[in-house]
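By written order: A, B and C. Residues from 1 in each chain.
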Amino acid sequence: MALSYFVILLLALSAAGYVMGRRKALAAAGGDSRGLHSLLSFYGWNVALAAFLTGIVILALWALFGSTLAGSMSWLGGVAALVAAAGAFAVAYGAIAPDYRARNSVEAKVKGILIFCSSVAILTTLGIVLSMLFETGHFFSQYSWSHFFFGTEWTPRFSGNSELGMLPLLWGTLYVSLIALCVSVPIGLFAAIYLSEYATPGIRAVAKPAIEVLAGIPTIVYGLFALITVGPLLRDYFAGPLGIGDSSRSVMTAGLVMGIMLIPFVSSLSDDIINAVPQSLRDGSYGLGATRSETIKQVVVPAALPGIVGAVLLAASRAIGETMIVVLGAGAAAQLSLNPFDAMTTITVKIVSQLTGDTDFASPETLVAFALGITLFVLTLCLNILALYIVRKYREQYE
Amino acid sequence: MADISASPEGLPGAKSSLYAQSDRTRRRNAAETRFKYYGMGAVAIGVIALVCLLTSILSNGLSSFQQTFLRVEIFLDPAVVDPQGNRDPEEMAKVFTFGYQPLIKGSLEAQAQELAAGPAPEITPQLLAGMVSSAAPADLRDFVLANPDRVGETVEFNFLANARIDQYLKGRVTRESAALDSRVDVAQLNAADELVAIGQMQKRFNWDFIFGPDASENRPEAAGIGVALIGSAYMMLIVLVIAVPIGVGASIYLEEFAKKNWLTDIIEVNISNLAAVPSIVFGILGLAVFINFMHLPISSPLVGGLVLTLMTLPTIIIATRAALKSIPPSIRDAALGVGASKMQAVFHHVLPLAMPGILTGTIIGLAQALGETAPLLLIGMVAFVREYPDSILDPAVGLPVQVYNFTNRADPAFVERASGAIIVLLVFLVIMNLVAIILRRRFERRW
Amino acid sequence: MKTVKLSASVLAIAAVSATAAAARDTVQIAGSSTVLPYASIVAEAFGENMGFPTPVVQSGGSSAGLKQFCEGVGENTIDIANASRAIREKEIKTCADNGVTEIMEVRIGYDGIVFANEIADPEFAFTPADWYKALAAELPVDGAMVANPNASWSEVNPDFADIAIKAFIPGTKHGTREVFEEKVILAGCEESGAMEAILGINGGDEDAAEEACMNIRTDGASIDIDGDYTETLTSIQGEEGAFGVFGLAFYENNTNIIKVATMSGVAPSTETIASGEYPVSRPLFFYVKKQHIGEIPGLKEYAEFFVSDMVAGPDGPLAAYGLVSDPELAATQQQVADEVTMGSGS
């Protein structure tokens, strides 16, 4: 942990920078902070941030790449970082003068940090694509892409000669997600509306966190709930008597249970967003004689729509990525069928099972997981672009 | 905005009075009531689902916090535990737990004879030995090695009872099932009843379940979730400290500062897309980047926390952006109007107002991170770990992993353990939720 | 601004501590979930007795375990891979490409695969041919392949009760599935004479005939289970008259819920499997990275401890749990003691 001491030193240096920067600025203004361009604390922050950011960037770079260069000399990077930080400290400290624009300088640095934060998402995507691309290439060198994308049969075998068509998996994914959304969106939305518009503060204080707990129950509990309770129930009282299925594992089972799990994703986020719609909009609507429900339907929900779409998208994302509920609720057999009471499976389930199986790790049966991952990635990307377009088109900014 | 005023044909006719509702008013009021009931119904469905799930978890899992112990006296035979006779713990450590088994068996047989002669006629020598957990020799050996001076004495121990006996006393093993069970027989259940009656065997609160390490498949009675608890706490800490600031920072930039151009569009689509990436893919990423490239240790909560951070970031960003979006522009305009810089307007005025939404996103994100197993699979955190992690670099598991491990084990006694672990997980979650709720209360307001 | 700063500092600490990771002193094991219970029993006893930290045993499948194993040599690669099948040529080559050239193969014993239904259901005495006729996708009838018409066990074999065929078999990710297909379905195909009939139909193409034999029906009579045996157990409890495929150890822990069927007249037990009378079994292995011996404390001791008589012998805890101990254990012990690598000795 030798390098972490350098971080502590760096933090100490920055703290000193804050105090000293402040003091010097005050002195430069002759003891009256009104003579300064910026608020007093900005001068301190400017020195502190300059030293800290310089040091930390060098440390991070060293941690990433330097260790391979220097081996046992791990303290080298730390020293370099401290020296650079001290340099930056000196420059920033020296620049302090009554008309020095410290606030602008601090804000530029903070903006830099914010930009770094948003680029983490890009880096993650890049990492995901890169870490899967290589193995995907291996897969397609062993298995024909047309069979993979347009094959309607999924029967991996140990001896080779597997059929690895992704269409049944894709269909299963869409079917399960659709049912899950049909359950969770209306329930979640109505729950959100009730909680934010009708419920007394007491009910709200209890019901909202209670529903949020649903999001935290491990999915294996939902899976077992689907397998033991919901599945047989649907089979014995619904699919069986109607003669449309005799399997307790079905798309419907998994979809229903997953829908329950997704309720808080829709309700909690929508609730916050509905809550944030300005009261003046409601008052205006009431003033024109609208009832509460009319106000909600025609004023509040449209105003909150972009946020609600975001919440629904998040729920859809979880539905696509879910494994345990599907494995236990809908089964592991891939098939193309329209009947919601048939067992089916999803892409995510197969990614997990092919990666954690006993097949040869260099065989197409295992590598197909990476190809499925990339394919799913591209597919959800298209869906998201579509959603963004829709939100843009219908977004209304109020006030 | 919807045009509410444009419905002239519905205006009350000449005969209407303010006291009698017109048809149209009645219809609208009925619709209003219906709408309200829809909402109540939706909330009720959510709450009922929660109650159902909680009931099943609690009814299965509460008993795991209690465990059956058997009080026995063991003669620490020097010939067995210290064949060299020099009371040197290092020499004594050469006697393995396998060597202690006959010692326990011998002592138990002697006691069984005493009991059979006196208060408990059903007990036969062979029965008692089969009723003690296979963790007992290890406990005994640890005691002997820690107290070499007590060798040669007869010491009283409270050993864990075998899982089947424990399950019997909790009502999960019946005489009918025991008759078919190869791991227990009915005579042992009778003996257990007698031992309970004379107070030799009793159920106690089992701290070891919460704080003890995991145990292997043939001793479910000794399995605990301590390592998982620490592992999850480490990971949540990492997620909280890294994911929340980065997530909020990214949202602020995208929502408040970024120019609306193709670059921000790409970032935006990218983030919602990341939310849809199956969690195991983050495991693939973690394996490639953190373990194979950065050489962080496998199975460590540090890698687990970083992977979960990347996984929860999109959730937090999406929720935070939605919250920032919903703050009326007038707030910003007012701040800018009195001379605040854009940065000040955002950090001093917009951010505090968006706090409830940010907290909600954080909680949902953390709950998701707390409950995930799949991404941990590939970075070596779905494992059997018995050593407590001293730092975020030591091997550990997480609570959901422990639940998953328990549910995959053959012995039915692990079902109870799995539910017990879920209860602890939920308590963990509720504590996190409570903190968020208290904070949310402070910030929540309407304008 | 405070939070931003805080996060930056923690990120740095995380990145920094990366380079300063202390040397690993715990043995790292990964691989097959079939071997996991045995490995964890051994790891626990090893940690209790030998004065080394308890090894970490990851699960995640033979494939993932061997992949991690073959990732390279060094502290952040695993030391031992558990596998429910032998390592393949291609995998050995990948290993060698990444510098893992010295691999010790250790066979720990055999795993029996049993067919069980619920206690209340009727008894069955199977032959592989029955399973073939019940689960094959297509059967040869009068010189042509037709979709499997059997819906009930009594149609498969008149001696059986009239119960709808419903079998929960391991999914295609499991090594158990391979054993099931080869030792039950394929054997049954040959035994029942269907193999010859198929060869007659397709004109003597043996590979195609084998493949036709091992095609499992997908019309709902056979259901793949991608999870573990606990999932299979829960599944057969929900369906009347359903069969499940289990490991012997799993069955022995649940004899009050399920009962096994005999295969070709032999009831599965550790004895009948060890003697080879019960046909459906497979060897279990673990692979040791010899280059790590001496680098990672306790690695060789663990391997030796695992195969010692008191652990893996017929009276040891592994056999008590359900592992069929290897009759040639002494040879394996010698092999581990001498650190014989693959390709050099045997």
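We adopt the following convention: contacts are C-beta pairs under 8 Å (C-beta built on N, C-alpha and C of every residue); 3 or more make two chains touch, one makes a residue touch a chain.
What you see is a predicted model; the values in this text were computed from it and never measured.
Counting C-beta pairs in contact across B-C and across A-B gives the higher total for A-B.
Taking the mean of each chain's C-alpha atoms as its centre, the chain lying closest to the overall protein C-alpha centroid is B. Note on chain placement: the centre of chain A and the centre of chain C lie 36 Å apart, centres being C-alpha means.
Each chain gets one centre point, the mean of its Cα atoms, and the points for chain B and chain C are 29 Å apart.
A straight line joining the Cα centres of chain A and chain B is 21 Å long. Touching two or more other chains at once are residues 245-246, 248-249, 294-295, 377-378, 407 of chain B.
Across the assembly, chain C contributes 1, 4, 11, 17-18, 60, 64, 227 as residues in contact with two or more other chains. Among all residues of chain A, those that touch two or more other chains are 63-64, 67, 110, 113-114, 117, 224, 355-356. Those residues of chain B whose C-beta lies close enough to touch chain C in the complex are 93, 96-98, 134, 138, 141-142, 177-183, 215-218, 238, 241-242, 244-246, 248-249, 291-292, 294-299, 302, 306, 347, 377-378, 380-387, 392-395, 405, 407-412.
Across the complex, chain C meets chain A through its residues 1, 4-5, 8-9, 11-13, 15-20, 32, 60-64, 66-67, 70, 83-85, 88, 90-91, 94, 171-178, 181, 211, 214-215, 218, 220, 223-227, 231, 234-235, 238-239.
Only residues 63-64, 67, 103, 107, 110-111, 113-118, 120-122, 124-125, 127-128, 130-132, 186-191, 193-195, 197-199, 205, 207, 209-222, 224-225, 260, 263-265, 267-269, 271-273, 275-279, 285, 288-294, 296-299, 302, 304, 306-307, 310-311, 313-314, 316-318, 320-321, 323-324, 347-348, 351-352, 355-356, 370, 373, 376-377, 380-381, 383-385, 387-388, 396-399 of chain A touch chain B when the two sit together in their complex. Those residues of chain C that touch chain B in the shared complex are 1, 3-4, 6-7, 10-11, 14, 17-18, 21-22, 24, 26, 28, 30, 33, 36-37, 39-41, 43-45, 47-49, 51, 53-54, 56-60, 64, 68, 71, 75-78, 119, 227-230, 247, 249-250, 252-257, 310, 317, 320-321.
Of all residues in chain B, those touching chain A in their complex are 1-2, 4-5, 28-29, 31-32, 34-36, 38-43, 45-47, 49-50, 52-53, 56-57, 245-250, 252-254, 257-258, 265-282, 284-285, 287-289, 294-295, 310, 313-315, 317-319, 321-323, 325-330, 341-343, 356-357, 360-361, 363-364, 367-368, 370-371, 373-374, 377-378, 400, 403-404, 407, 422, 425-426, 429-430, 433-434, 437, 444, 446-447.
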